[in-house]
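Below are two complexes that have subunit A in common, paired first with subunit B and then with subunit C.
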Partner chain A sequence: MCARCGGPLAPELDLFAALGLARRLVVEPTELERRYHDLGRRIHPDRFASSSAAVKEASLQGTALLTRAYRVLRDPMSRGLYWLELHGEKLADNNKQVPAELAALVFEVQEQLAELREAQDRSASEPLAEAIRAWRAEVQAAMEQAREELGANFASWDEGRAEAANLLPNLKATLAKIAYLRTLLRDIDRELEPPVLSG
Partner chain B sequence: MAYSSKVLSHYTNPRNVGSFAKDEAGVGTGIVGAPECGDVMKLQLKIRDDGVIEDARFKTFGCGSAIASSSYVTELVKGKKIEEALAIKNSLIVQELSLPPVKIHCSVLAEDAIKAAIADWQKRKGEKSADKKEQAA
Partner chain C sequence: MSRIFGIDLGTTNSLIAMMDGDTPRIIRDPHTGAALLPSVVALGPNGVLAVGARAVELEGELTDGNQPLASDSPSTEVCVIRSIKRYMGLGGDDLAPEERRRYPFAELSGPLVRFRIRERVYNPPQISGEILRALKARAEAACGEAVEKVVITVPAYFNDGQRQATKDAGRLAGLEVVRLVNEPTAASLAYGLGNMTSGKVAVYDLGGGTFDISILSIKEGIFEVLATNGDTHLGGDDMDQALVDLIMRALPEELRHERGVWTKARTAAESAKCQLSDAPSARIKLELAGHQIDLTLSREEFEKMIDRLVARTMERCRMALKDAGLRTQDVDAVVLVGGATRVPLVSRRVAELFGRQPLCSLDPDLVVAMGAAVQASVLMGKQGDMLLLDVVPLSLGIETMGGVMERLIHRNTTIPTSVKEKFTTAVDKQTYVDVHVVQGERELAGDCRSLARFKLGPIQPQPAGVPRIEVTFMIDANGILNVAARDERTGLEHSVDVKPSYGLTEEEIERLLEEAIDHGEQDLEQRLLIAARNDAEQILSAFSKQSNEYPELIEPKERTRSEAAAQRLSAVLSGQDRESITRLTEELNELTTPFAQRIMEQAIKQALQQKSVDEIAD
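Right after this comes the complex of A and B.
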């Protein structure tokens, strides 16, 4: 919304600005929530029901922008992808290398998943399913590590060390790693029974 | 999404699935990924010393188009010289398999896999001849 008149703004803003945030990669989740809900209330179309058509339209567009900004910036992965976009970069450009260790993990787990998929008798394949559950923990740990790397990369950007520390290629590589691990986790979970939620 | 019949044929009956031993003579291995969707593709080429591709194997864990693209290129490169294989453009794969725009990155992945496999073969060949020279010296 506009700081001067309090009215909703046109949607050609960057998504950080849409939430009144500085263009920084480290985002405090509670701060993001607070701004989203606060601004959302203030430019809500209900408040402008008796305003001019232009203001109504601006309120609708502003609300849509706000929601998009919240969704994109809330998740570190999509925030990182948006950061690439702001820098005129595409995730896949010059970024097809899969680290050898990660590739080995992907192929090992996928082979076992294929084996499990083809198993006729699910009860006899329980040891295999058990092995895959153990792999899942490993993939999850690798994912957590990649997310930590992403967090460290974000912090370095905010410290203004983009050039020196090669942060852009590093960001692309880390986001790609997360994408491979995410796909692998998805495939594992598709094959294993959905976990029983307790408590 | 509706897949073309050629994609379905390569997907339901993929050609040349499997692997060669990585350290086998004449084998080049290319592992590439599509970070947009998280698919990973491994393409291996068995290349003669005169640069003709004798055989190919692939392993792709991904969507139908990624599997079909890799299956298709394994057929395409067999019997080709590496220069010819390097000249294969993803647009050819798109055209042959009638891939829709959202699946074009699968064809790019296959093109990149060929390049990576050949680069690996060249690197290993270079290392081998360097070893020989060392032994000779």
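Right after this comes the complex of A and C.
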């Protein structure tokens, strides 16, 4: 049970504990890195090159868990998703539904992207690309705002106001928004600068 | 503990190094003083004729079976193979057209490239193994001690199969490969040693046959790779080839396939390339098949010829920076590694891209081997706080319905890393599930590289979807995949027989080791005995060290039994009975496993105890 919200917890998934952290959503990046490096120095397989097979295996497993914990907790978005998972929730697999407050923005951007895609002559479509760049800034601003919302949500959890403030549904909605904006930004960038295929 | 040596197994040249106190030192040939061993192997119908400088001499003498011959059978008794690294762990389809054409005696149709010389067949790990063997002999002669354990460097962008092939080469040479280290990362260790600065470093490594770019974050002895990218078929060899093509164009068509022409042209090309690094122009003057060639080439013309090659590396640099989440101005230092970075155009382009002068204070030919020696000493526990955290260069996934690649581990994930995936059956009473593991960045599994296939099972016949098998994909610190499976319901471990798509199977390696007996080399049984003794010594010393260091973690009964087992093992250790040594080693390993796990848990706990009191109270 989660001490804060009374929800179920999956103990084997506790990535906070793997890094020796209390279960708090607001994480200080330098502190996180310090712990990761510190633990890594102690348990990494390179420290046990001449140990028995069992110790090597334990070190390998421990380090794999450690790197996973660091990777998941370092990024606020993935940390939030992990928090949902801890509370038995997750984002819908197919995140196609446009969050209501983003509808107007998304509609406008998609339309312009479609137009650019259809434009045969890339040089003549330069004004269009310019307009999309301006929209990109708007999307970026919406992203910044969503990130701030996420930060506020995190802080509220840590203050223990989960029940009162409806934090779980809020967290889910904010994460959905960020996921959506992320996809949108990627679509824009792909259209503006087609990626080079890697071998 | 026996010493670990560092090896740079290069496309063009290979080196072996060791730590001399706190400084890495390249071990030179005791007779000639040479640091570089040319990665060239001469093969005859009865086996290996020569490796290194002598093989290069033979190449010069030969009437040459190496050039693209009009007829398809080599008519000479000697075949000389260069750049074997470009063939490691690959099938014929993976090769560039130039590589396919290069050796008329190569068999390219199988899953793995092989070279057939009369009745003998050689695979790339065997040939690389010969280079490793020569390095081992050099170091043993120079240092007067046995070389058994090594760190070998590989291009960061090497895939699983290429890494596995490198490990196989080590085994075939009678070496224990303690660790594979990525070349650019090794170079950063050599630069970082004794100079523990913090910051973001880009390592640009253009070798004979491969290109890597790695972006690292260095902080208090932790060398953390943020992203890596590269091309395992791009290097100084390709610049030489551009010049060979130029020379060939000066030769009448019908003479181009004459014996010895290609080898001579290549030697002239390489020397012209080197001249152009220092001089504004180079003269290529030689006699080919009775025809006089006399060309003068300016550096500018040469740069035009290789501009596209260099541009390809710049594109890879941008991709790596993007994956690292950095802009060029965030990079605090750029390091040049690999002989091909001596070409002025290369360092100029690198300087332009990163907006700063690259560092090359350590010899670009030696720095990777020096770094391998540093990592070897880290593994021997001699470098205090130094630790290397590398990444997997290519995404790893499985083929799902419709041939789509489902990504399980993304490229540039820090290793070791593991991911668990659940599998079930699609039809009633299905007793096996097939799993196909692929590596690459494309959407369709068919466009990615096949790593391995395996069957899960036998599963008890049940309705479709009922069985639950959890498969763990673990990429170890060498960047090599290991697979384990467990039945969720019964908790039973499944054995997973992974069939590598391109690598050598365990049986093939055993067979090759057995064949080595025919070569009149070390007896196989003797070699296995040595390996068994090494394993035994390792666990004995680990156990005695640990039971002294952590007496509180071992229960009295456990100690009595383990010590008795250790004594039994010590008693047979110097004898010839390999089976007893192996059996008792396993017994001791099993008995001490719970103890070992407690030590690991305590190490983790101790680290956790450093957290502040209020956090614990929380």
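Everything that follows uses one rule, which is that the second predicted complex is superposed on the first by the 172 of 199 C-alpha atoms of A that agree within 3 Å, B and C clash if a C-alpha of one lies under 4 Å from a C-alpha of the other, contacts with A are read in each partner's own complex, and residues count from 1 in each chain.
By definition in this document, a contact is a pair of C-beta atoms (placed from the backbone, for glycine too) under 8 Å apart; a residue touches a chain by one contact, two chains touch by 3 or more.
Since we're looking at a predicted model, the values are computed, not measured.
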| item | value |
| --- | --- |
| First (subunit B), second (subunit C), both or neither touched by A:Asn166 | neither |
| First, second, both or neither for A:Ser78, with subunit B first and subunit C second | neither |
| Partner chain(s) touched by A:Leu39 [first = subunit B, second = subunit C, both, neither] | second |
| First (subunit B), second (subunit C), both or neither touched by A:Val106 | first |
| Partner contacting more residues of subunit A (subunit B vs subunit C) | C |
| Which of subunit B and subunit C A:Arg182 touches, first, second, both or neither | first |
| Which of subunit B and subunit C A:Ala54 touches, first, second, both or neither | second |
| On subunit A, positions contacted by subunit B and by subunit C | none |
| Residue numbers on subunit A that touch subunit B, as the complex places them | 91-92, 95-98, 100, 103, 106-107, 110, 114, 172, 175-176, 179-184, 186-187 |
| Residue ranges of subunit A in contact with subunit C within the complex | 17, 20-24, 33, 35, 37-47, 49-55, 58-64, 67-68, 70-71, 196, 198-199 |
| Residue numbers on subunit B that touch subunit A, as the complex places them | 31-40, 42, 59, 61-62, 105, 108-109, 112, 116 |
| Contact footprint of subunit A on subunit C as seen in their complex | 1, 4, 178-179, 219-220, 222, 229, 231, 315, 319, 375, 378-381, 385, 387-389, 413-418, 441, 474, 476-477, 538-539, 541-543, 546, 589, 592-593, 596-597, 599-600, 603-604, 606-608, 610-611, 615-616, 618 |
